[in-house]
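For clarity, chains are labelled A, B, C and D in written order, and residue numbers in each chain start from 1.
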Amino acid sequence: MNLTSETASALLYGPDKQGLVAQVSGWIFKHGGNIIHADQHRDAEEGIFFQRVEWAPPPSEIETQMAEFTAMAQELGMKVRVSRSSKKPNVAIFVSRAAHCFHDIILRWKTGEFNGEIACVISNHDSLREATEGYNLPFFHIPIDPKNKLEAEKEQLEILKNHKVDLVILARYMQILSAGMLEKMGCPAINIHHSFLPAFAGARPYHQAYQRGVKIIGVTAHYVSAELDGGPIIQQEVTHVNHRHGVSDLMRKGRDLEKAVLAQAVRWHLENRILVYNNKTVVFD
Amino acid sequence: MNLTSETASALLYGPDKQGLVAQVSGWIFKHGGNIIHADQHRDAEEGIFFQRVEWAPPPSEIETQMAEFTAMAQELGMKVRVSRSSKKPNVAIFVSRAAHCFHDIILRWKTGEFNGEIACVISNHDSLREATEGYNLPFFHIPIDPKNKLEAEKEQLEILKNHKVDLVILARYMQILSAGMLEKMGCPAINIHHSFLPAFAGARPYHQAYQRGVKIIGVTAHYVSAELDGGPIIQQEVTHVNHRHGVSDLMRKGRDLEKAVLAQAVRWHLENRILVYNNKTVVFD
Amino acid sequence: MNLTSETASALLYGPDKQGLVAQVSGWIFKHGGNIIHADQHRDAEEGIFFQRVEWAPPPSEIETQMAEFTAMAQELGMKVRVSRSSKKPNVAIFVSRAAHCFHDIILRWKTGEFNGEIACVISNHDSLREATEGYNLPFFHIPIDPKNKLEAEKEQLEILKNHKVDLVILARYMQILSAGMLEKMGCPAINIHHSFLPAFAGARPYHQAYQRGVKIIGVTAHYVSAELDGGPIIQQEVTHVNHRHGVSDLMRKGRDLEKAVLAQAVRWHLENRILVYNNKTVVFD
Amino acid sequence: MNLTSETASALLYGPDKQGLVAQVSGWIFKHGGNIIHADQHRDAEEGIFFQRVEWAPPPSEIETQMAEFTAMAQELGMKVRVSRSSKKPNVAIFVSRAAHCFHDIILRWKTGEFNGEIACVISNHDSLREATEGYNLPFFHIPIDPKNKLEAEKEQLEILKNHKVDLVILARYMQILSAGMLEKMGCPAINIHHSFLPAFAGARPYHQAYQRGVKIIGVTAHYVSAELDGGPIIQQEVTHVNHRHGVSDLMRKGRDLEKAVLAQAVRWHLENRILVYNNKTVVFD
């Protein structure tokens, strides 16, 4: 089999019933497709079946198969999303002053780590304009203050629309996206929060952690929802600290975690590996 | 579906070809089985397909289905091993003087962590007789010295046969099983080696690690093969050390790793989750 | 120098000022002592100096030196606690039904991992009587219900007093010690909480963690204070989980963490390595 | 005390004897210095005493105190190295084609994470010229082939001399520095090797790791010595892998480790925290 040919990948979930694996894999086999990766999960408590399946259809039939697969899955009572590997999602990076996640995401993208394209950078400060333009990416400075927030978000939405953005990355963006903005965006946003949620939600988590005297600090990548730091968790990572570490040490150690965990979450999302259900994620790694 | 009904689980592998997932899951569906867990892996380099599938057959047909499934998989060109959940494998623990893994395995077994039964304890020292008998388990003291090794192994083989042992656990057993013994045993052995292999194979790995000045130490659970510490690796774990840690600290920290990693490897094996190929393992966790 | 001779160890803290290291080490040198270990920490924000120093005094003078050292440190404005290595603290284990930490602590003690003696086991259930007595330790069954709590605690206090207990270990003891009990105990208590505090304080933390969909779970060893799960944190550890792990998997994985982290905290305490200040700990590892 | 005033820091080691802590700290106290950080270690086996002490001398006397401290320590039989915080060491980065450590080091330097200055970048390829110059740093392209190696190293030595380089960082530089070069350099070199040494020394360690089927991969930062990958280990870190990870996944996961561990080793070195003895390191963290 030719591993370089284009693939379709589907994420589906719905009420569990007998024979789902057989029906999905049988459909692909019957249509001349070759399964590259298949993984499934049952939530025994809720009686829900989750699946990710990636297959190589006969090259000329990929669009047709994507449509027909969707119809087949829906008949089985499943919610389904199918995408093709040649379609690279467009990504917008939102950033404030802290630059480490910003550089990290862009350098990984240049190395080819992500199945996506960076379309633009939006910031409430102007400080990363030169760096962004040095990377040959468009930079938009949209200052935010309590009075202009609605208008600023309108501007942001316009930019996302113009760049056909499929995913927003909040790369240490220190503003909250309003519920209205989230609704109108029409695409998910991934945020990196600098604590192991649900501990230390909200502002200045490293200061909170220092104050409490914890022996581990962590970070959390999650989808943004209307509830602050309450969206579905995609990935978390931690590191040990001790009494010798002041707040600035926590910040320095945390930056390394933030970069790695945000990148991991973005990579999974762009490879169509994450299903969200009941405010939790199923990650088909 | 009734999750408490008995299940069959199969581990299979062979040359990759189109439709394997569909054929296996289709067969189960057609025979009224319900897939509980299915996971597969392709080694793209070698062109090998690996699968673990666990399903609930109609209760009265389990033995028939196991036989028929085996035949079907063999027809697909696969090597296959099928087992049923009601069959608890018998385990023999080999131990020397260090008792931590010995107690740990037995206490976990009593908690119900393992899908198996401890059949007996064999040791080249008599020091754990009382503890073993306190757990109501048979204890066999078989001293080993270079001159009596062959005879001692013959005794061990006799005990394994009498207790219908399906798995040998070397729980810090400080003797090497001869190639002849391994061949005659007719069942696999899992060893815990106290280094992150392939570093520090052989004797006194903590001393070797201290000497080299490493900043992490580790342990490795592996299937025993004729090559010393060279068998397929099942699981590894490490912990950080620094210049303040002497050899005895490495030993103390290592004991915690040894217990956890050996138990993990044994649990996976007893749940029929490990496939060995090319001196490596595929673990369907 | 003879490393096997008896040592004195002091934990001291107070307002930072110039020359403290010199004065403490100079005092020991002048009195013929030999420093085995010295570690200090400055909390720059609070202006507090913390130190642990362990030294070998001339054997016949150890009691005198302990008294004189205490006086010297107090003159420097320090709070100080001095202990000698030959004095093994007495430990009481409080346990309910879950037995893993109970067995783990006792087996480590038998291996010589702890600088202390287990004096007795107290439980609100009778289920571990046989196991305790198998270890040749006294077992006290003191049932607790809302109505008899005060009386039950009175009984517990009596036992602690009779056994001259210096440290209480709550080894998954599922009852809350009342503020009054804590006050009257006259010795600290170390608890193992099965979450990475401050997340998931209170009851059923693994269920809370499962519900929130976190990707790491953790455990916390802390000194018990009147605020539930709010005392000074001694040590924390975590492990990764994913969507495949149900609540019972979290519990199983958590048990390994609970054993290791509780043992670590107890070891440090018994070696006189922990200073508490501002509801945080300084651990001189 | 004014924490922003300049400090001196000393690393010293030699035969252990009574009163060393007292004499060193007493000397600093007597000379009006204020100890900011002091840490010591005894190698009980070898009878060696190691210490790092950092203090704030009266500002006008720092150079005098550094000289006098050195003399005092030598009289105590110690080897000693003293440096002052205002002196930022000059660093040269050696790099080949892989750019991740190169960018990472420079971006951390720009964030102020390192107590040093990057003086120049030397590469055996020309591919990072533009990026280096975009960072406003001098770039030297010195191709290496077996025939010109001696001459190339001569050129490199000339550049190191001209830029008064105090530390060489091999940021995934794929050439071996000759023993002669190491000798003439007059400054240490830190290398990042992409395996958990001593496993998989030499070429293509990720391929070696994949071949052996290990379940963890790691990286090692070490001082370069004449023995390939045999120098004193400064720091190591690992991550878990499984059968799903191909060589390219190991490389991707490894890159994150390489960046973090190399940066950690460089930070410690530049803060004068590392003592080398018997081909091992003592890191006063």
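Just so we're on the same page, contacts are C-beta pairs under 8 Å (C-beta built on N, C-alpha and C of every residue); 3 or more make two chains touch, one makes a residue touch a chain.
It should be emphasised that the depicted structure is a prediction, and the values quoted were computed from it without experimental measurement.
Looking at where chain A touches chain D, is over half of the residue numbers used by both copies, so same, or under half, so different?
Both copies, chain A as well as chain D, present the same residues to each other, with over half of the numbers appearing on both sides.
Weigh B-C against C-D on C-beta contact pairs and write down the one with more.
C-D
Just how far, in Å, is the C-alpha centre of chain C from the one of chain A?
Chain centres of chain A and chain C, defined by C-alpha means, are spaced 42 Å apart.
When the C-alpha atoms of chain C and chain D are each averaged to a single point, how far apart are the two points in Å?
37
Which positions in chain C touch two or more other chains at once?
Only 44, 244, 285 qualify.
How about chain A: which of its residues touch chain D in the complex?
That would be residues 99-100, 103, 107, 111, 113, 134, 244, 252, 256, 260, 285 of chain A.
Considering only the defined contacts, which chain C positions touch chain D in the complex?
Listed in rising order, the residues of chain C that touch chain D are 1, 3, 16, 18-19, 21-23, 25-26, 28-30, 34-40, 42, 44.
Report the residues of chain C in contact with chain A in the complex, numbered from low to high.
Going through chain C, the ones touching chain A are 41, 43-45, 50, 196-200, 212-216, 218, 232-238, 242-244, 246, 278-283, 285.
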